[in-house]
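In the two complexes that follow, subunit A is the common piece, with subunit B as its partner first and subunit C second.
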Partner chain A sequence: MLYKVMGRDVFKDFVKSLISDYEFIGPKKKDKAVHDFVPIKDISELDINYKRTTIPPAKKILFPPDEKLVTYEVNEKIKVRPLIESSEKVLFGINAWDINGMNFLDRFFVTDFIDENYLERRKKLIVIGMDSEPTETNFSPSMDSEYAKDGFDLYLTELKDRYFIRINTARGDEILKKYAVTEDALVKDFKDYNNYMDNYRKKFKLNVNIKDFYDNFELIYDDDEFWKRVAKNCYSCGSCNLACPTCFCFNVKDDIELNLKDGNKTREWDSCMLPEYGLVAGGLNFRPDKENRLKQRYRCKLKTFFDKFGRYACVGCGRCIEVCLAKINIADDINSIKKEVSV
Partner chain B sequence: MSKPKVGIFGFTGCGGCQLEILNLEDQLLDLVSAVEIVHFTEAITEHSDNYEIALIEGSVTTEHDIERVKKIGDIAKIIVAVGSCAVNGGLNCLKNLYGVERAKELVYGDKKDWIDSIEVKPIDEYVRVDYYARGCPPNRLEIVDIIRSLIIGRKPEIPNYPVCVECKRNGNTCVYDFGITCLGPVTRAGCNSRCPSSGTGCESCRGLIDDPNINAQKDLLAEYGLTVEDIISQFNLYNACKKVIAKENKK
Partner chain C sequence: MAFDIKYKDKSNKSSIYVPEIARINKIQQISPTEKIFDIVFEDDKNQNNFNFEPGQFVELTVFGLGEAPFSICSNPENKDFFQLCIRDVGNVSGALHRMKEGSKIGIRGPYGNGYFPYEKMENQNILLIAGGLGLAPLMSLIKYILHHREDYKEVMIIYGAVNPENILFKDDIQYFSSRNDISICVTVDNPDAGWTGEVGVCTKLIPRVDFPVENTCAVVCGPPVMYKFVIIELEKKNYYPEKVFLSLERRMECGVGKCNHCHIGDKLVCVDGPVFSLWEIKNLKEAI
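Take a look at the complex of A and B:
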């Protein structure tokens, strides 16, 4: 990691040059409720001061909701053509917990198999992070995700009169050298940065005791009454999964044209909360009830992947709490487990 | 392989479902190359009673309708109900809420006896239905998908999850965030979240999913200021033939 500082006056020109030289994705106000990460053509569209983004920006760029994987042509011989659509992009203004969400996906998509489509896009994605204000449902510090240790090229932190920059890759260093005048960070800069981080961390009001949850989860796992209560109002609508920056499940569909010659295989975001998720050939569904599916989701996020990767499949962004019309609150549920098992 | 013969029939409804098939402009030529259409009420004058697949739109509202739909049921090997009226009775079912006699009187006054009208029912009250292309209007791409699946001998994939899934895939902001109520959380997807994507609430034209959380939906609507009557009327717009809902749940 290298550390530099950049004057506030340089920032605007730096961003403008990136917009003109790269395919540039950044936060833009979408409606009164949310911002969205979209291609930016002019700096006036960019709005760094966002609180909420619709769906996880990183996930949708690296792992689109709908993606053609393969096209094929059935004649005397079958011709199959794999598709990987990717191009070099700058992702600007993504916050730490969403970078940590990407870091989780990075791990997932290369561990048991290599997902070439994901990997190709990830390699070509230049990530420039910046902090954003947490919402009241955000519990990132409890999940060790309010700060990004890796997974980005540059991370810009706005101090009073300058930006403190963490340079994490050679690519980031080159970009910074090419497009901005910077100076080495000095002791004063580090001090100001530390002060900033102390204050920033105070802005997160929601805490969860994830260790208590982890240690007691197996004790509650078979308590059907508890899970029925938690899932009582669940719609099985999958909104929690589909808004999640770490959910990776997908379904592959085979579409053949009416000419019965041309076709393609498409993958789309799936969700473990949908009834059909556990449906297998022969009509058996091994997770027919909503309470069953909900506890499995919690296990996947807060247990399974910690055991497997040493990192939770949850960054505490709070999106699932915000999108849930049934008001199911993962933070409350994490905090309630210990009390529940000690009764 | 000979082309499967298809009949497209209309019962009581606005006829818009047949129009949706005609609106398949980019795929219409492929469609008529893949199947032979022997009856299509809105599009062709020729008619034959020799068909394997029947696409039926509209609900059954007269004694004559019952005879017709049963005859189609005797001939066709596969029946696809197309659109809300055929699938769950649709808007026509609102008539049942008044009672048939009262409804006839309201509309036709002292001439009500001229009218042959019975309680509205979806077509599966009279014939077996193999597949449902839901919606008002139905999603024409889903109709194509059903036909294509039938040709290649695959079970069509009709979603049994709520509209919320498509809203999220489409990156929509939830309409509840704008104070608009929506039946999306209990309504079967497959429309590509057509209404919420345009900023308006779902009215459940595709009917409910198999296992809808109706109590949660009632709580939610009540929280947004709807009375019990409002809630029932929201559900009734397309789903007044409640027996259908109960029956579908059992499947």
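Take a look at the complex of A and C:
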């Protein structure tokens, strides 16, 4: 990691030149509450000061909601060809917890089998991170995600009169050298940065006791009453999955064109909350109850991947709390488990 | 990326979702609802490289329609082709049943790191318990064992079917009965007038097995409802949980541990299974 500082006056030109030279994706205001990561053509469209984190999250750039994986031609011979789209892009203004979400997906998509579709996009994505204001549903410090240790090229932190820049890759260093005038960070810069981070962390008001949840999860696992209560209002709509920066479930479907010759295999996001998630041919459903599906979601987020990778599959962004139609609150549920087991 | 990727096999950097083209060489109708498909890869190189373990499965694509996982039911030592025994029950299987010999399909796999651990079973008595279509994945193991018969002690198959006409692999069963180094007992739920064999569910036959448990492996495959009752019977006889192997079914979209549909607790049936020991299953709530 290299550390540099850049004057505030340089920032605008830096961004402008990135927009003109790269396929540039950044946060743009969609309506009064929501921002979305979209291609940006002009700096006026860009709005870094977003608060409501973008829905859907930036994972859609690496793992699109529907994506053609394979294309084929059915003639005398069948020709099959993989479709791996990859173009260099700049993802600008993504915050730390969403970078951590991508870091989780990185690990997931290369474990056991390597998913080239994901990997190619990730390798060509230049990530320039910036902090954003947390919402009141955000509990990322509890999930150790409010700070990105890696998974980005550059991370810009806005101090009073300058930007403190963490440079994580040689690629990021080159970009910075090419497009901006910077100076090496000095002791004062580091002190200001540390002060900034202390204050920044204070902006997160919601805490969860994830350790208690993890420790007591097996204990509460068979408590049907508890899970029924947690899932009581669930509509099984899957909004939580769509908004989640770490959800990765998908379906693969085969489509054939009207000429009955050309076809594709397409993957599309699926949701573990939908009733047909566990349905197999013959009509048997391995997860017919909503409380069971919600339990499995919590297990996947808060236990499975901690055991596998040493990190939770939840970054605490709070999107699922905001989008849930039934007001199911994962933070409350995590915190309630301690009370539940001590009674 | 937050870390470097190390490829296990650098030569094979293509997409994990691309099937290889294969041909249905032969179709045999073996019951009113099941057919056996003999499958050969179009490219000889793929055929030569296709080595599978008993209990593994493939993802089969019917182009334009979809993809589904099927267990392989042929002898792993047979390198010329492999066989799938498929029931006409879903989209993909229904389309397969309408296909003719010579039709082209796509195959990915074989998949499943958890297969029947035939090395661990060496020098053991083998009790195989199958219900209905569950005989198909076991068939691969049975044929492997018969191929290497001297490595195993006594071998017994217990097979339960609904009706006499639903009995699968009738030719193979007849052949097994003619051999004196393997015993097979078939039971049906609903006997017809001509049926002279056992009647009832297959669990009923387990108490009669007199293999010493300390050197016996049991292998179970059948409909999900069957496992619970088989396990009760095996536990009554004090079978060692690490010597009982069960093949599980779940919904799969990818077969390579990415789509997550087949998760049970912290395990994925596609990469960690589909075969699990009873010990693993006891630690996996909701597996059975």
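By our rule, the second predicted complex is superposed on the first by the 337 of 343 C-alpha atoms of A that agree within 3 Å, B and C clash if a C-alpha of one lies under 4 Å from a C-alpha of the other, contacts with A are read in each partner's own complex, and residues count from 1 in each chain.
We take it that a contact is a pair of C-beta atoms (placed from the backbone, for glycine too) under 8 Å apart; a residue touches a chain by one contact, two chains touch by 3 or more.
Computed from a predicted structure; not experimentally measured.
Contacts of A:238 after superposition on the shared chain: subunit B is touched, whereas subunit C is not.
Residue contacts after overlaying the shared chain place A:275 against subunit B, while subunit C stays out of touching range. In the superposition on chain A, A:72 contacts subunit C only, with no contact to subunit B. In the overlay built on the shared chain, the residue A:260 is in contact with subunit B and with subunit C.
Of the two partner chains placed around the shared chain by superposition, subunit C is the only one that A:123 touches, whereas subunit B remains out of contact.
Among subunit B and subunit C, the chain that touches a larger number of residues in subunit A is C. Of the two partner chains placed by the overlay, only subunit B lies in contact with A:60; subunit C stays clear of it.
By the touch criterion defined above, A:186 lies against neither subunit B nor subunit C after alignment on the C-alpha atoms of chain A. When both complexes are overlaid on chain A, the residue A:31 reaches subunit B alone and has no touch with subunit C.
Contacts of A:326 after superposition: subunit B is touched, whereas subunit C is not reached.
When the two complexes are laid over each other on chain A, subunit A has residues 253, 255-256, 260 in contact with both subunit B and subunit C. Subunit A meets subunit C in the complex at residues 69-70, 72, 74, 77-78, 80-84, 103, 106-117, 119, 122-123, 149-151, 221-222, 248-256, 260, 263, 265, 267, 270, 272, 277-282, 284, 286, 292, 296, 299-300, 303-304, 307-308. By the touch rule above, subunit B contacts subunit A in their complex via residues 27, 30-31, 33-34, 144-145, 147-148, 151-152, 157, 160-162, 164-165, 167-174, 176-178, 184-186, 209-213, 215-217, 219-220. Considering their complex, residues 30-34, 36, 54-55, 60, 65-66, 232-239, 242-243, 253, 255-260, 268-269, 271, 274-276, 290, 323, 325-326 of subunit A touch subunit B. Touching subunit A in their complex are the following residues of subunit C: 1-3, 5, 7, 13-21, 61-68, 87, 89-93, 104, 106, 224, 249-251, 253-254, 256-261, 263, 265-266, 271, 285-286.
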